[in-house]
Amino acid sequence: MKRVAIFPGSFDPFTKGHENVIEKSRHLFDEIIIAIGVNSRKQAFFTLDSRLAHLNSLYTQEDQIRIVHYSELTTKLAKREGAQFLLRGLRDVKDFEYERSIAQMNHSLHPEIETVFIITKQEVNHINSSIVREIHKNGGVIDSFVTNQDLLVPSI
Amino acid sequence: MKRVAIFPGSFDPFTKGHENVIEKSRHLFDEIIIAIGVNSRKQAFFTLDSRLAHLNSLYTQEDQIRIVHYSELTTKLAKREGAQFLLRGLRDVKDFEYERSIAQMNHSLHPEIETVFIITKQEVNHINSSIVREIHKNGGVIDSFVTNQDLLVPSI
Amino acid sequence: MKRVAIFPGSFDPFTKGHENVIEKSRHLFDEIIIAIGVNSRKQAFFTLDSRLAHLNSLYTQEDQIRIVHYSELTTKLAKREGAQFLLRGLRDVKDFEYERSIAQMNHSLHPEIETVFIITKQEVNHINSSIVREIHKNGGVIDSFVTNQDLLVPSI
Amino acid sequence: MKRVAIFPGSFDPFTKGHENVIEKSRHLFDEIIIAIGVNSRKQAFFTLDSRLAHLNSLYTQEDQIRIVHYSELTTKLAKREGAQFLLRGLRDVKDFEYERSIAQMNHSLHPEIETVFIITKQEVNHINSSIVREIHKNGGVIDSFVTNQDLLVPSI
Amino acid sequence: MKRVAIFPGSFDPFTKGHENVIEKSRHLFDEIIIAIGVNSRKQAFFTLDSRLAHLNSLYTQEDQIRIVHYSELTTKLAKREGAQFLLRGLRDVKDFEYERSIAQMNHSLHPEIETVFIITKQEVNHINSSIVREIHKNGGVIDSFVTNQDLLVPSI
Amino acid sequence: MKRVAIFPGSFDPFTKGHENVIEKSRHLFDEIIIAIGVNSRKQAFFTLDSRLAHLNSLYTQEDQIRIVHYSELTTKLAKREGAQFLLRGLRDVKDFEYERSIAQMNHSLHPEIETVFIITKQEVNHINSSIVREIHKNGGVIDSFVTNQDLLVPSI
């Protein structure tokens, strides 16, 4: 059976930490679908179009990786795509507790979908999308944290 | 390529929490090797023989699961067995921080072996082997926490 | 002396986790006042009327439990109601640290009111009101997490 | 019905933090039994006799408080004493996670016994018995942390 | 070489916890610049003018301490002011993890600027500016937590 | 006034994480005394002589750094050496909570001695002396974690 995973997130932006999650789980799955969640009630900092273009630039040559966006529950997306796994990165304790609640609540709803966790390597473990946004807003340079960062366009 | 994972631990004893890690990662790996680590400097509470018998009783019919014991570095065992993955369960924050250090240090030594984490379901998330041992030592009943607990024999 | 406790919260919504806090502290107090805090600056997801109706449906027959709403400091409500205790549930580390700050700051202001904490049982320990709201917003089913959930009405 | 609580611990030594737990829960219970747990496999730093004398000196005049020692499971002691509650103090995250596991495991075994938690006030929140022992071993003065500390006698 | 530190924050308001950070680091630095960060996208609860007046009232006589406000990246301010150090207080685990990410990301950008951390003393360790604001909004008295609190004026 | 700090620890062994603490605090202090704590009741894994030789090899040319060993309370050492500061590294949440208790208890005893904390950079943040010892015991290579590791000699 083909093992398919959804890697969901707002990816606002997709950092070198997220890249490391993909790199570390490549051998684990036959296909990984990177799925940008769109929340109609909360505007992202970078436009959806630029986040898609940015992700496509990183994985343009790779058959194993597909990029989508969605605005439903993640477990519904997983079912629609035939994915049996959700893939999530863990960075720190705050992440861990939130992800545990989500994973256990998803498990109550859909026990057939399993969440698999990857801990990012130490060199990128500190990278946090919200701090990256703060640095960008205040005119700082973010290329230590984001590859191809020039493709990202702020919403306004 | 066959995906093989080592699930290492002292399993003193192997609880319903550990069973849940296996259950949740069955579809992820083609083979899972449950590996009891033996530490020559520190005696376990339950004998190695009884822990092996206990584990064999739980997975006796399953081709996908193999049970071994070892006393070397876990990454060495992984290489010897041709495993590309280490499998670990996460329960709470204390677990998480310790596992993160181990995983990142293992990654520095052997970047080709990835550690994959599973968060146990809420019904067994609270089970802790050291508290199970305390209950057993004090004459309490542990069958809410351990399947086939009568197979386990204290070292003395 | 009659022991009276306030159980304050936004209860947006009141989950099976909150139900467990009540169940576990029933023998501890002679009266428990479940108090929905109303914040004039921040709209709740479910209407106040429906949250009150929902709570009344759960505890309709019980003399020991009373349901109120309030928009002042919780310690003022406690004094007005003659309650000597505040009752709070603890779920995870994030909860714990926030509750510790609140309890210690309340204690500086009103040392005669004590806060008592209950840790929810494992089966409901993962339930988080904000994730329940997300699931509901996205059309998911929340009856694993909330009893009588059909009584709850979103604010818009 | 009379509300009776066991306050169990090794109390090696009983600090001003523990005193604060008693002070904060006096109005909650009709009787509090402070119970020194004796572990035959692990010697305490201060002798059992001196820990009992120390506790008796602190609560000598109080009908509401009784002091015992025990070497069985805490829930068995509770049943024997007719106590419906276990009382525990919470200080920091490490405490919290350990106490949560214990409380949830005890709840699986004896759902009729509830654990109630108190968070110590900020002035004593940092006091840690094992650090108190280290200070005492190295000739430091511990009277900022322990009342009547001169009654305590090291085991050797 | 003169050791100069920036102590950055929104200080909305500057509490007795922040005062303790200054008190504890006075002997460490030759000059400390308390720097109120102004975020054009997010209004503070207390006006900038009143926060500046409040801070000036606390440190009016002190040559060692200077008060500024800024709206750029903190590391840019540090360079402009010739400061080699950022000074931050740590209170709890949530603080710690956020500060670690910020400090490590700042270090990637400007390795010549070091962040130095102080843990506040236990008597003020629980004071949290956002809970202080909640108490003030609801008509509570905040002078246990903030010196000269009458100088602070809400934005509306 | 000359600013002198004690950097205390068991340093069993002194890792690249500890080196980073020194590197990051060099500009903060005029003198740093690295102090190996010797506990007569608990044998270290590496001999004291080899730990001293190891540390001397790392800082042989540096006037700013001195290496000592001691077996008293750290605050007594500080007074004897005329140091006004204790220097400690912070790595993770577990570290943080323990260090907070120690720092606050030391502050109760000796308010004139301040503890200053440094968070190690991300590349070495995961290095943990006890895991380094485990790797060494099991025949693993530790030179990713410890400089000049060949100078260290196990106690037996």
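Each chain carries a letter (A, B, C, D, E and F) given by its place in the written order, and its residues are counted from 1.
One rule holds for everything that comes next: a residue touches a chain if its C-beta (ideal position, glycine included) is under 8 Å from a C-beta of that chain, and two chains touch if they have at least 3 such contacts.
Values in this document were obtained by computation on a predicted structure and should not be read as measured data.
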Checklist entry - Degrees of rotation, nearest 5, to put the Cα trace of chain B on chain F? => result 120
Checklist outcome for this item: Taking each chain's centre as the mean of its CA atoms, the one lying farthest from the centre of chain B is chain E
Next on the checklist: When contacts are scored as defined above, which chain pair ends up with more C-beta pairs, A-F or B-D?
Outcome noted: B-D
Checklist entry - Of all chains present, which has the mean Cα position farthest from that of chain F? => result C
Checklist outcome for this item: Between the Cα centroids of chain A and chain E the separation in whole angstrom comes to 33
Checklist entry - Between chain D and chain E, what is the gap in Å from one C-alpha centre to the other? => result 38
Checklist outcome for this item: The distance between the C-alpha centres of chain E and chain F, rounded to whole Å, is 29
Item to check | Per-residue overlap in chain E, given as positions that touch at least 2 other chains | outcome: 93-94, 97, 100, 104, 108, 122, 125-126
Next on the checklist: Judged by the touch rule stated earlier, which pairs of chains are there in contact?
Outcome noted: A-B, A-C, A-E, A-F, B-C, B-D, B-F, C-D, C-E, D-E, D-F, E-F
Next on the checklist: With touch defined as at the start, can you tell me which chain F residues reach chain A in the complex?
Outcome noted: 93, 122-126
Checklist outcome for this item: Touching chain D in the complex, chain F uses residues 41, 72-73, 75-76, 93-94, 97-98, 100-102, 104-105, 108-109
Checklist entry - Which chain C residues qualify as touching chain A in the complex? => result 92-94, 126-128, 131-132, 135, 137-141, 144-145
Checklist outcome for this item: The answer for chain F against chain E in the complex is residues 1, 3, 24-25, 27-28, 84-85, 90, 93, 96-97, 99-100, 103-104, 107-108, 114-119, 121-122, 125
